[in-house]
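These are the structures, in structure tokens.
Each of the two complexes below includes subunit A, the first together with subunit B, the second together with subunit C.
Here is the complex of A and B:
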């Protein structure tokens, strides 16, 4: 492992160790926060019992669905807007201020329209993630070197081959930034929606455990979400870093 | 003025070629080029110099089939060039056109794979051209890991591997430092001798044109026309050491004599140019 890797590991160990110490020796009330070791044990038991499997499958299914829709639709919308410069000019201020508006304020409206089903949660997930993907697509398409179109013509490539073989790979690192953001935003939006108002799902179970003072269950599921979110983002980050190094992006 | 001797085979030609860009957003149309007549002799190295914005790159793109002339005709190997780049023409652009997502080897193989050449032949040709271009040891590297000069060599390799009979170079060394440009010039001369291709080089550097070319066309300020064609009479076996020869100074001097006034015009000093 590199020196940076060791430092990163040390930060995690120190933070978790400090929390463990504070909980075990009464600096933090155990009725408020349980030690990380007990969280891990509770998570192990919960997973082994299979009690939460349905909720886990439901929540991660919704997250994957929302992210997939946001990425595919966001890319398609980005391509269309990029091809229509005047439309883009008109929409630019909306994109710039989009994340200044808390999208969750529309959640009750969606629940009123679609009921307490999966649909409002998916829609909130998509609405939160899609603009990041649209903006990343616009950025990626802007950065395709013009000379590639000439190279394509020298190789007598058609529009489809040019798009798939040259333009898409050229824009890919910027599109991937959109995917990374969509994953983060989608994850947050789905869990938060479930937490606010949903008949089932991990967010709802955490909310119920909180109301019931069931700390082991609440912290176990929180730990699960932290582990999954961190793992997914680390994998994406590692992939992104490798790509950036290979393509010299971000070099001084 | 630009007609080749009667006994020389004409490889490509432009007859009365004009390029006028239509005015956009209420602006006047821009007369970028011509009328231009040019006969490229088979196997020669032809350099084109001229002030900035005189239509040098437009000339190259019209010859390549990347742009349609507004008037006039373009021929390559006896056939009209219309709307697409004919088979047998290779183009190297000024901008870095290497594909950063592919290795050097895959960059060079790109055109062959597009053309459906079988894998064994592709391997043979790519290995050969990478060895020739001094890129053999970097075959598995990505362009971002190479210097600007080496990336341009990757682009040249990608063009050469298709064995073009007419190679068009659009200021390929414009972004490189003076020393690297001289050395790249040596490499271009080497590949020109080896391939036997006809080469047309667009450059803003008079010394580069004087060192590399058999003939040099000096263009006027926009709309670009050929004011003078200078024969260098260099032997085919030449390299960058000719920059020390007396004739080299004479050639660059003659080019500058032609271009000084035109360059002043292109910079907006029309009065100064007229007074001289």
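Here is the complex of A and C:
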């Protein structure tokens, strides 16, 4: 590991250690924050007992479903819009505003329409993630070098072969950036929906544990979400960095 | 000519969206989703009332304080990590992973610390806004071409002159982009806080209307927030474009 990596690790260890110390010695009230070590123990017990398995499976299932729909549909819509320049220009102001408005405030509207079930959560997850994928697809298709279509013509490749063997690999790094954004937006939207209003799921369980003053349970599940989100984002970031180097804009 | 055609196309899409709203209304019924016209007439009635403005004020006050905190902390953090290379290298991945966390999971902690108070909503709003401001400011400073600084040294500019005439103009467009994203996310944070637990504010109004099945009120508030965010974003975006063209 590099020097910077070691310093970063030290910073994190010191921060967690300081929290542990402050909680153990009463500088922070236990009713507010429990020591990180107790959070980890509570999480271990919870996972071993299997009590939360149903909720965990439900939440991550919804997240995966919403992200999968957003990525596939977003790519398809992006390809269609890219083929219609006039439509694309007309949509431009909508794309520029989309992430500036809190789309999430329409979650209760979806609950009113579809009832309190999985559907509004999946829909808000898809709605939050899909536009990032559409924009990334447009960007990726824009950046396919013109010379590739000439190469295809020289080699007498068919439309399908050109798309799969030349255009897709050329656009792939940009598409991946879209996937990365879709994953992180979808994750946030699903968890937030479950927190605010949902029949079940991890967000709901954390919010219930908060209402019941069940701090060990609340902090255990928070820790779980933070670990999973950080891990997923780190993996995606590492991949993205590799793609970026391939297209020559990554930091050395 | 081209500009008018473009504006007309955008208008067509807007009309299609409203028609889609109407069709969805026909399918699911008026209790689940009121149509565009009834919503508009409800909006005209509800927005001038004191109840709307009291809650809008509660949201705006929390949002204002949260925004000041986001900008102050975000900018100082960004400037520090941009100038001090080691801190930037150490801190950037930490900032990015906190940025991508679903911060709503941490709201109960904020509530346990501050209770159901204004400070809690302000803190939660700022938690959303600080990171994008810091990350974009840091990158703006890092991306200054070294030749700018060399030119400043060749011209024997003083430290103050370098900052005012070289560093500030060179970083401003990207910093403003950070401020724009910070604006959006801070607003989202404040609204989420109000939706989860509050006794006033527009986020509370939406959840309250939802539990009373007052769908017209719910959509009216959502549409007003939508307009507020869209107009603010357009203004900041316009500023950003002007700065880019000047640079």
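Keep this in mind: the second predicted complex is superposed on the first by the 247 of 252 C-alpha atoms of A that agree within 3 Å, B and C clash if a C-alpha of one lies under 4 Å from a C-alpha of the other, contacts with A are read in each partner's own complex, and residues count from 1 in each chain.
The definition used in the following text is that contacts are C-beta pairs under 8 Å (C-beta built on N, C-alpha and C of every residue); 3 or more make two chains touch, one makes a residue touch a chain.
As the structure is a prediction and not an experimental result, all values here were calculated from the model.
In the model built by aligning both structures on subunit A, subunit B fits alongside subunit C without clashing.
When the two complexes are overlaid on their common chain A, residue A:60 makes contact with neither subunit B nor subunit C. By the document's definition of touching, of the two partners only subunit B reaches A:147; subunit C does not. By the touch criterion defined above, A:86 reaches subunit C but does not reach subunit B.
In the superposition on chain A, contact is made by A:192 with subunit C only, not with subunit B.
When the shared chain is aligned, subunit B comes close enough to touch A:172, but subunit C does not. When the shared chain is aligned, subunit C comes close enough to touch A:94, but subunit B does not.
Of the two partner chains placed around the shared chain by superposition, subunit B is the only one that A:155 touches, whereas subunit C remains out of contact. In the superposition on chain A, A:207 makes contact with subunit C only, while subunit B stays out of contact range.
When subunit A is checked against subunit B and against subunit C, the one touching more of its residues turns out to be C. Once both structures are overlaid on their shared chain A, subunit B and subunit C have a minimum Cα-Cα separation of 11 Å.
The interface of subunit A with subunit B does not overlap its interface with subunit C at any residue. Interface residues of subunit C, counted against subunit A in their complex, comprise 6, 9-10, 12-13, 24, 28, 32-33, 86, 89-91, 93-94, 96-97, 100-109, 111-113, 180, 184, 187-188, 191-192, 195-196, 203, 206-207, 209-210, 213, 215, 218-219, 221-222, 225-226, 229-230, 232-234, 237.
Per the touch definition, subunit B reaches subunit A in the complex via residues 61, 64-66, 84-85, 89-91, 93, 95-97, 99-101, 110-111, 114, 142-145. By the touch criterion stated above, subunit A contacts subunit C in their complex at residues 4, 7-8, 11-12, 31-33, 86-87, 89-94, 96-97, 99-102, 104-106, 108-109, 111-113, 184, 187-188, 191-192, 195-197, 203, 206-207, 210, 218, 222, 225-226, 229-230, 233-234, 237.
Contact residues on subunit A toward subunit B in their complex (touch as defined above): 145-148, 150-151, 153-157, 161, 166, 169-170, 172, 246-249, 251.
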